[in-house]
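Paired with subunit B in one complex and with subunit C in the other, subunit A is shared by the two complexes that follow.
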Partner chain A sequence: MKRVAYYKGCSLEGLAVEYDRSTRIVCEAFGIELVEIPDWNCCGSTPAHSYDPLLSAALAGRNLAIAADNGCDMVMTPCPGCLKSLKGAQETCEDPQQRKAFVDLVGKDVDGLKTVSLLQLLYEEVGAEALQKAVQRPLTGHVLIPYYGCLLTRPAQKARFDDPENPISMDRLIEATGATAPDFPYKTECCGATYGVTRNDFVGRLGGRILDMAARLGGEAIVVACPLCQQNLDMRQKQINKYYKSAFNLPVPYISQIIGLALGIDPKVLGLNKLCVSPRVLLEDRTQPDQEAQRVGAAVKPGPNQPGGIAGGESIQPS
Partner chain B sequence: MERTNTLSIQQSRDNDFIREVEEASGQTVSKCYQCGNCMASCVYTFAYDYPVTQIMRLTQLGQRDTVLGSSSIWLCANCQACTTRCPQNIDVAQVMETLRVMSRKANTVSQRDIRVFYDEFLRSVKTFGRVFETGLLPVYNLRTKRPFTDFDLAPRLMWKGKLSFLPARIKKRKKIAQIFEVIKRDRFSKDGKARPEPLSSQTDI
Partner chain C sequence: MRIGVFVCNCGTNIAGTVDTKRVASEALSFADVVYATNYMYTCSEPGQQEIQRAIGEHGLQGVVVAACSPRMHEPTFRRAVEKAGLNRYMFEMANIREHVSWIGNDREANTQKAIDLVRMAVAKLRFNNPLFSSKMPVNKRLLVIGGGVAGIQAALDCADGGMDVVMVERKQYIGGKMAKLDKTFPTIDCSSCILGPKMVDVSQKENITLYAASEIESISGYIGNFTVQIRKKATYVNWEACTGCGLCTEKCPSKKAADYFNEGLGAARAINIPFPQAIPKKAAIDAQFCRQLNGKKCGVCAKVCPVQAVDFEMKDSIVTEQVGAIIVATGYDLFDHSAYGEYGAGRYPDVISGIQYERILSASGPYGGHIRRPSDGKEPKDIVFISCVGSRDASVGRPYCSGICCMYIAKQAILTRDHLPESNSYVFYMDIRSPGKNYDEFVRRAQEEYGVQYIRGRVGKIYPRGDRMVVQGADTLLGVQVEVEADLVVLATGVESSAGAGELAEKLRISYDQYGFYMESHPKLRPVETNTAGVYLAGACQGPKDIPSSVAQGSAAASKVQSLFAHDTIETNPQVALVNERTCISCGKCIQVCPFGAIQWKELRGGIKKAEVLPTVCQGCGVCNATCPPKAIQLQHATDNQILAEVNELCA
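After this line comes the complex of A and B, so read on.
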């Protein structure tokens, strides 16, 4: 069994509790032992960065140090924001000019650790092929949009995973579950989550664009691997609809929930009931050909004033 | 907003500023040849006072006050689109990050509400070791005099059992608070010149 230190981050304790739950279950199913970092602290996220980069490095670094103390050489976090901070801590520790200050604050160096996202862990340690073999409940007939968000594979030199402009890891994992993953042009576009509270109109504008494109491609759901993207597109979907004058009704499940579903795990155990937009459409069994005919292109009816709507959005009307 | 007078721009040129930005960010800002890829990639250009290409140019020209007082550096979401597409391999997002840090130190943050949100976020981390989501919002709302921000979300989140009413506190909170104190003490001395944070209505963590 592979032992991986698990840094869940603050979001997964509150608004993204279902991401935590499904991550643990899916990892267990594939024989990955997650060791939650004892007494972990917040990585400081963007606010720490813009205060002083060393603050961010020290806050994130403390968690890495505890992981190393627990005999782990790999740290996984499901949150791309946390991952960025963890990688920043490693970089600071390796920088000869800042190394001393870092070690003084954290108590030790954090050399030799590998930090990965949940998506990278699943893609590289489990792989699409193994997932395909383990599928119990194929999601054949469902159209799921892979949305990576801005930080998961960027900046390329630091993330060192997949492609910064056109990542494909999540596409492959979705396809392994039997579902269809269309080419999504906004895979790595920023959803504006940072400004959920402070500039809600940004969220309406940027989130609206993403939901709109997903609906146009016939997506039934947008699959994400970031708690901030998820909250933004799901919890704030009503706010987005208000701003965008639209009526999107797209569930936004986590990749771990989709994989768990395909593995035949109970949707409630995966926390699918915690999503704000009901993911009921994902539970339909479409593996029988006659049910394929009932397939609904998208759970979306375009609003009367959908900005820039293409020909009234006929292409996304339920068939 | 006061626009920069481009005819007399050399008079307000601050060479120290260029050096400080390049040193702190580790990026050679002078390599930028103004192709505009960063601006075209940036989804926030619509909200900026100076598009990111111009921030780069103004930095090359040593326009400290204009750059550090701009709204752009605080509306940047650090999404890395500019960095990914820069043909000169400049980490533009890192430059913007450095400018934010400098603007905090110089107390020229143009977006008060964003600063308040960040301050309260850090205060939560310093106090509990983790962010207390449910507690953060009401404090922010009070301090920015927008008491009903996001209240529409509360009933549904309560129904879903996602709101906690007690903060999760870690055991070694003292260690976290200590990290904050050391950083606060040392963050000006790193520049080589001791500049205490000016006293003003803007609070600190």
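After this line comes the complex of A and C, so read on.
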């Protein structure tokens, strides 16, 4: 059993509790032992690094140091924001000019640790092939939109995972569950999360664009790997609809929930009932091809030559 | 020995951080130094005269100049001392500019280091011996590697001068990238109309031997006497017999072969002649797609060929050519835009590269010169051009400017308007770089007369919407985001070094930069020479270049070769290894380690074998010197005694 230190971060204690639950279950199913970092503290997130980069590095670095003390060589966090902080701590520790200050604050260096996201752990340590073999309840016939968000693969030199602009790891995992993952052009676009409180109109516009494109591609749900994306697209979907004058009704499950579903785990245990937009549509069994499935399937196969089924859009509009 | 030391101020280049006066006065205390001075510009004419005057006045037998790197001015000073009656090897240079003054600001430390370097040079000079070069005949044949426009120009220039030229081209046709272009900027003249006659000239000149579909296997020898092995790749067609009638292509049943000439936009037959004007106009089989060569029953081409030229049993063959000089004109490749995930990573058929669009524009291209989209063959109405794809972008390892893209975009936008007057063209650019003659006027014309919309800003994303592409970018002049819906997106893919440039450089023993472009001997003053004597550069293999510059460099390289070939003999370099037969123990280690095969056995009377150096083959690397157990083999001008004298001074 592979031992991986687990840094869940604050979101997974509150709004994203279902992300935490499904992550643990899925990892266990694949024989990965998650060791929750004892006495973990806040990663510092945006406030810390905008106040003092060294403070940010030290806050995140303390967690890494504890993980190392617990004999782990890999740290996994499901939250891309935490991931960025943890990677920033490692970068600070490696920087010859800041190394001493960092070690003085944290008490030790954090060399030799690998920090990964849940997506990277599942994609690299488990793999699409193993997932495909483990599927009990194939999601065949469902069309799931892979949405990575802005931070998971960027900045490239920090993330060092997948293509920063055109990532495919989640696409492959979704396909392994039997579902269809259309080529989603907005897979790394901003959902407006930073302005979630101060400028709701930004979320309306940016989130609306993402939901709109997902709907045009025939998506039934938008699969995410970030608590903030999830919150923005799911909890605020009604607000977005109001702003965008639309009627989107797209559930926004986490990738861990989708994988859990495919593994045959009870949806309630995975916390699917915690989502604001009901994911009931995902529970339909479409493995017996009926007319409905064929219709959806045809609409979402935009072969490179013929992006069919999508309505023509707006003209040039400097906005 | 009576030694004179001359310390150069190099204006303030050296004197700014080195006390040259003190270096000179210290030098006077070194053994055998009878004269020392500092001078403003030692390499200037009065500076050289000062050295010559001192030689006469003080009876100097050796000279040390402490100045810049010997790379540039060692020959200058050697000539100067030779004129004053000394042997040119009774001269030493201490580099106190690149190695001292340019790299440190501590005046005291610099001065001390300069003194040390001068002391070492003096110590070495005390063990110098006069050396004399011999003369060798020059083989007045030229090898041109690469048959693009630069190589063609160089070959024709030299052939016009009456020299024998051997041209080796990797592809089955000559003409290079220019043969694929529709029109050329800034005059919009037809590329194949101006290049075609030159290509024909190459094939018709009796003193040009053309090896197409061939590559350089190995190169040995030295300036004036290179031996080149050329691998003629199997084309499965006997080119002696092939008449280029094209019947085989017509009947070939393998219709889905890769169309390299049309950049993958069309499909070729497995046996084909890439384009109508191809030189040589000979068919070749693409083994990857040929049915017969892949174990299936076919052989149609062999049956229909009226001259029985098809030979499925053909193998690569090696030919050997003797030449005296080499011009490298291997050109460039274009950046593969699949590195850009945000531009679709190559998965959208209507997001194409500049060279693909060039083929679309060309009358001999896949669509017969009608502008259509690759995806559905529709005529595009809105076309977006994006500059700097794989140029000026450190994140993809291409921080340099490709220099040609701004111009070819303007040309393609103008041609688009000519072909489709109702269309709209948009250009996203970072900066417009158009410094050539009539270049900026040309871009202006695109903007003002042809109504091409230039938008200053980068594109962040391209994605499909319906059957069109959405180009999402920034207009940094207006400070807003813009979205343009386009039917076709053309990426101005940048220039990168030719595939295999590094391996060829190693065969030629020339250097290349971190991007694979070959290094010229001096960035300003020796632009077509390499640091290997007798090897010259032309065209984009040295760095991104447009057609006028490539042609100019082709002619420049040709003129260098002609001035070399104007001599019947060249002087050999006497700085080669020499065996002391009395101490040689005949172990043969030097023969094993010599990378140039310059050492052989020599039989003395009584059957005793001793090592012998072939001075014309020896490159003076010194590996044998370091290997020889009894130190019987010594590299002249860098003997053990000379090096130890330097080390002793440094450690004293």
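Just so it is clear, the second predicted complex is superposed on the first by the 290 of 319 C-alpha atoms of A that agree within 3 Å, B and C clash if a C-alpha of one lies under 4 Å from a C-alpha of the other, contacts with A are read in each partner's own complex, and residues count from 1 in each chain.
The rule we apply is simple: a residue touches a chain if its C-beta (ideal position, glycine included) is under 8 Å from a C-beta of that chain, and two chains touch if they have at least 3 such contacts.
The structure presented is a predicted model; accordingly, all values stated were derived computationally and were not measured.
In the superposition on chain A, A:274 makes contact with subunit B only, not with subunit C.
More residues of subunit A lie in contact with B than with the other chain of the pair subunit B and subunit C.
When the shared chain is aligned, subunit C comes close enough to touch A:183, but subunit B does not. Using the contact criterion defined above for the overlaid structures, shared-chain residue A:166 touches subunit C, although it does not reach subunit B. Looking at the shared chain after the overlay, A:156 reaches both subunit B and subunit C. Counting contacts as defined above, subunit A residues 156, 164-165, 189 meet subunit B in one complex and subunit C in the other.
Against subunit C, the residues of subunit A that register as touching in their complex are 156, 163-167, 183, 185-186, 189, 216, 302, 304-308, 310-319. Across the complex, subunit A is touched by residues 43-44, 46-47, 75, 77-81, 83-84, 91, 93, 97, 100-101, 104, 111, 113-114, 117-119, 121-122, 124-125, 129-131, 133-134, 137, 140, 149-150, 152-153, 156-157, 160-164, 168, 170-172, 175-176, 179-180, 182-183, 186-187, 205 of subunit B. Interface residues of subunit A, counted against subunit B in their complex, comprise 10-11, 13-15, 17, 39-42, 44-55, 58-59, 62, 101, 104-105, 150-151, 154-156, 164-165, 188-190, 192, 194-200, 202, 205-206, 235-236, 238-239, 273-274, 276. Of all residues in subunit C, only 340-342, 344-345, 347-349, 375-376, 382, 395, 461, 463-468, 470, 475, 478, 480-485 touch subunit A in the complex they form.
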